[in-house]
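The data blocks that follow each hold one structure.
What follows is a pair of complexes built around chain A, which joins chain B in one and chain C in the other.
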Partner chain A sequence: MPATSRDQLSPPAAVVPRRPGRLSGRRRATSPWWFAVPAMLLFAFVVLVPSARGVYYAFTDWDGLDPNSSFVGFDNFTGLLDDPDAVQAVWHTLLIAVSVTVIQNVFGLLLALGVNSLIKTRNVLRVLLFAPAVITPIVTAYLWRNLLGPSGAVNSLLGTVGLDSLRQDWLGDPQLALWSVVGVIVWQFGGYSMVIFLAGLQSVPKEVHEAADIDGAGPIRRFWSITRPLLAPAFTINLMLSIIGGIKLFDQVYALTGGGPGHATDTLSTLIYKDAFTLGEFGYSIALAVVLTIIVAVASTGQYLVLARGERAAS
Partner chain B sequence: MISTRLSAAIAAVTAAGLLAACSGGTNAAGGNSSTTLTIASQDQGSIEPVVKAFEKANPGIDVRLTVSSADQYQQQIRTKLASGTGPDVMSVWPGNGNPAATYVLAKPGYLLDLSDRPWASKLPDAVKTVSQYQGKTYNGVFGLNGIGAVYNQDALDKAGLTPPGTWTELLDFCKDANAKGTPAFALGIQDNWVTQIVLYALAATTVYGPDPDFDKKMQAGQATFADSPWTTAMAKYQQMDKAGCFQKDPLGTSYEAGQELAATGKTLGIIQGNWVIALLKGKNPNGKFTLRALPATDTPSEFLMPAAGGTGYGVNAKARNKELALKFVDFVMSPEGMNLFVTTQGGLPTRPDTGFTPDASLTELSTFVNDDRTVPFMDQLWPNPKVQQSMLSGLQEIFSDQSTPDKVLQAMDADYTSGS
Partner chain C sequence: MNRYRKRTFVLELAMIAVALVVAFPVYVLVNLAVRPVSDTSSPIRPTTSPTLDNFSQAWQQGGLGGALLNSVLVTAGSVVIILAVSSFAAYPLARSTARWSRGLFLLVMLGLILPFQLAALPLYQTMRDLHLLGTPWALILFHSGLQVPFTTFLYTGFLRALPRDFEDAALIDGCTPAQSFRHVVLPMLRPITVTALVLNAVAVWNDFFTPLLYLSGSTQQTLPVAIAGFFGQYVTDWNLVFAALAISIVPVLTVYFVLQRSIISGFAGGLKG
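Up next is the complex of A and B:
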């Protein structure tokens, strides 16, 4: 009785007769395609169908409320090109994505190299540096909103050490606000990149380094010729995660600046939210979401192809 | 397998959040008990005692109350109504111009006509205009709120200053306050809705004083923001900023931080709605705060205060328990319910016949209301939410030198005429 209940749940024909085959190695790789059907159906119903229905609304003037909306063709998309806020938001999105990707990974890699060395406190440091990544982004954002306020901790600290001239209205100055947001994201997720790089670093065999050492290679040479190529998979993962995260950034921006002052820090995501839920322009907002989806898809696919080639070349 | 499922689930949730959340929904069935009433409200902290009193007066009923902040509420209620899962009773903003306002929800037929309720005819005209759509009442607006300068008495005493009575005195007051090392008013416009408050306080007198029918002219296309005394209101806002009326770095200061400054006497006051008084008292229970009209000209008899019906309650046209829903709204609009509600909120009741004694801090507002020297909050009669949003981000841009008052008013005009 206990044994049967589980079997009843399994697909009938597949398991029993083919059992020997599954163990023989070669057949193991080819499960029947219809094994994937339940998962595909679930995926279709939960993701594909609603998404497709969502995309349809990008071609309407739906206000999110009135059940009747009319088809407007590509009006929402052409309107987007004439909307200076949208164009600016695309620019901000790309600026954040690129700068976060570069700074966070340089920062993460340096941290990883640091805590991979033999310093005594390395385990404590690893925990501390990773800690911000486990906090909910919205919480960190509110925390930093206070720290970066005109009389917040950052300005107080600058004042205390005599650097009054460097005190700024970090989130209220439109020239600075975007960079403050970037800084907060790097602070939070630098440790996350570090962990992935660290895992990569620890998979580099010691013997290779020792051999190179004997051959007289210095630390920079060893990093460039041994560590860097072997870290290629870690780079792929890290760059991909940070660029996708940067492009779809919402919560930190929304909590830190709300897209302001004015529209100085609006990203595509904050604009999508505002257009839909504040202005009730769901059609237009979904058009923006479609554009965002396309940007994410193109950027991540492109990046993956380039990096995967790099990985192959390195291995 | 588990990890595949997990990642599929994560992928599903993530992707769904992007697009699928926006697509239509289905009608959900729910409980149909005649003793259950569902209420969705944004009156955090003040509706709870009202619901308790209602339950006490109607034993045996089960009120299911959902309370959320205004932002959250506005996005949820639209989704709920559009998908047929709306509550029986819901918070509805007066007039037009925001996603859950009376006109916006009444137009597609989501609200029940409340014109025949006993209280509907007893509302003052200023409240009627914003609780009705096409001549029918849809919103039980129970409270009045006003905007003005809220002074911290202890801080004033310490600085040896008294509240200014005219525009010229106001600018001197700001200079004197700075000379004492305490700026006059806290301004926390990192939260962009706060930017409009000072402007409304000024526009009430400068725009509606000379032209009480300004809104009607706007609706008829006979007036524009850019070519009206709105420019004066904008100029005075900037003049106040230049005169040092506000603390440093207002754009980096949040609403919350602004309250902190005013409550603890780091500024002499704050220009806000009467609702801020309860919040200031929360931060400084011993403080004494009074709301006064903000001088915008040198003739005090011209002063008008923005005062408007606050968020009220409407009944879902498809309410599952219509009878109980109406009973609740009637209770809110009864003298008992109304007084209970506005006492916890720190406002004034909309009905003049409730025998309500306002808190001492609101004496001036109460006088202005009784003398009919108030104008509705300006956005309540605007045709769509875009006008207000352009104003809010535009004011932030003015404060950060990214834009000018003329440009902002022109953008508001463009949005005004872009339809509803």
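Up next is the complex of A and C:
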């Protein structure tokens, strides 16, 4: 029977599912492949092709101008291992990513539990605490650069409340600068983690808590046995966002310390920028970008596998 | 546990204290931006003679008006393109079970992992060869491509959870696939479109690395790069810098407070995607 649209109208709807061959033929027609073409062209032009070229250039002495660069094998990568600044930058990148992930999520979860309670200011506080997350990071970083200066507001505040002994050169002290950067990021994005945890918390039905309460479970027991497993998807998203954000970190370091003092806060991203645009070493810079890519790929697939298992176990 | 107890009150006070600490930098920002240059007292002491001189000076010297306009143009242009092409692409990706569709979806997932730092430098060369460097078009093109994987991923996840009965019904009624997309699928995509709109607009508006690369030396800066340039020029004149920072924060926070409900649910909505 020829499948014209006119024929489609005549049989009663109940008949249709009994003709799987014909229906699936129609279904394939509902998803025309050319719908994906514009997106894929843009994606290929901006991401796929340049990334592939980038991987190739990492094995050349590319200077950013001459398309005819020569192949140098693994020279850029072995050079990287001999370059203390690069090794340091990898270490800083990992340290920032891990500490931001841990601190920001603990802070965000506590905030979420706080505004998910019966307090009267919960709605105002939720809006206020999330606000820093929408402000441009480079702008908040310049703000904090002043606040954390030797005579900045943070030290003034410590002086006012009688904690003069805690006054520090927060960004000028090589031991401290990295932690100041972490602090600024947690300040800005703690509210972001909060909002995602909050959405998870609000998916926990009140009745479950009430039942557990009646059964004599205390708040900690209730959190551990009811809330925590139901928060698993929120954890997955939050950990993914903060660890990948931390690994790619550029803006805040650029504005707060410029990678300094010395190289004390240089991350892979700031080093990539400096090597390419101040030193003109494009091949070396792109080799660093390849290292960054590998770290991101390992972190995100590793995390995905671990957390997906956790989510399955929790549900 | 549904009553306001003494413990709840203590929690209330603690949370307000945390919020005050979080808001403290904004207080200092406003305080320094409105105080005259001659006032060199402690930055946390409220100024006694507030003035708006810093604002007018920062506005004129920083070329912030032009930068603001460029940022609006780049953000609006990019977001419209991103949402259009990604929602289109998600439709066959979510509905087709053909091998190419699954392959394409894996490619999109790969795009989620690739950091833009890898593509940024080779693309810099391409943009230069196309004479797009220094123009907002380079940024619109860049963001449109960069945000495709994430946005397509959001839309695809959302579409897969939607029942296809409506589309089947539309087809049986004689709709073409394009008509069914336009009249049946698109209206159902509203919630995820709010999420995609909010997340993309914030990402594009706040981006600093790309305009720093692709607009460097150009007069057509976006706001974040103009602010960085302004800082470099007036590094010792913090009152002016603070006025410039405040100017760049005001439009963002205004939009945020007016639309806070959709914006917060937009950010939280990534959870379901």
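Throughout what follows, the second predicted complex is superposed on the first by the 269 of 315 C-alpha atoms of A that agree within 3 Å, B and C clash if a C-alpha of one lies under 4 Å from a C-alpha of the other, contacts with A are read in each partner's own complex, and residues count from 1 in each chain.
By our rule, a contact is a pair of C-beta atoms (placed from the backbone, for glycine too) under 8 Å apart; a residue touches a chain by one contact, two chains touch by 3 or more.
None of these values were measured; they are calculated from a predicted model.
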Of the partners chain B and chain C, which touch A:237 in the superposed model: first, second, both, neither?
-> second
Chain C versus chain B, contacts on chain A by residue = C
With the two complexes superposed on chain A, say which partner A:163 touches: chain B (first), chain C (second), both, or neither.
-> neither
Considering only touches as defined above, state whether A:276 meets chain B (first), chain C (second), both or neither.
-> both
Who does A:64 touch here: chain B (first), chain C (second), both, or neither?
-> both
Scan A:54 for contacts with chain B and chain C and give back first, second, both or neither.
-> both
Check whether A:210 is in contact with chain B, with chain C, with both or with neither, and answer first, second, both or neither.
-> second
In the superposed arrangement, does A:46 touch chain B (first), chain C (second), both or neither?
-> both
When the two structures are overlaid on chain A, which partner does A:144 contact: first (chain B), second (chain C), both, or neither?
-> second
Would you check which partner chain A:286 touches, where first means chain B only, second means chain C only, and both and neither mean what they say?
-> both
Contacts of chain A common to chain B and chain C in the A-superposed view 39, 42-43, 46-47, 50-51, 53-55, 57, 64-65, 67, 146, 248, 276-277, 282, 285-286, 289-290, 292-293
Chain C contacts chain A in the complex at 1-4, 8, 11-12, 14-16, 18-19, 22-25, 28-29, 32, 42-44, 81, 84-86, 88-89, 91-96, 98, 100-101, 104, 107-108, 111-126, 141-142, 144-146, 148-149, 152, 164, 167-168, 171-174, 177-178, 180-181, 202, 205-206, 208-209, 212-213, 216, 223-224, 227-228, 231, 238, 241-242, 245, 248-249, 252-253, 256-257, 260, 263-264, 267-271
Partner chain C, residues of chain A touching it in the complex = 5, 8-9, 13, 16, 23, 26-33, 35-36, 38-40, 42-51, 53-55, 57, 64-65, 67, 111, 114-115, 117-121, 125-140, 142-144, 146-147, 151-153, 156-157, 160, 187, 190-192, 195-196, 198-200, 209-210, 213, 233-234, 237, 247-248, 250-251, 254-255, 268-269, 272-273, 276-277, 282, 285-286, 289-290, 292-293, 296-297, 300-301
Write out the stretch or stretches of chain A touching chain B in their complex.
-> 39, 42-43, 46-47, 50-51, 53-57, 64-67, 145-146, 148-150, 169-174, 248, 257-264, 274, 276-280, 282, 285-286, 289-290, 292-293
Taking the complex as given, what residues does chain B use to touch chain A?
-> 4-5, 8, 11-12, 15-16, 18-24, 71, 74-75, 78-79, 81-82, 99, 104-105, 107-108, 110, 190-192, 248-254, 257, 384-386, 389, 393-394, 396-397, 399-400, 402-403
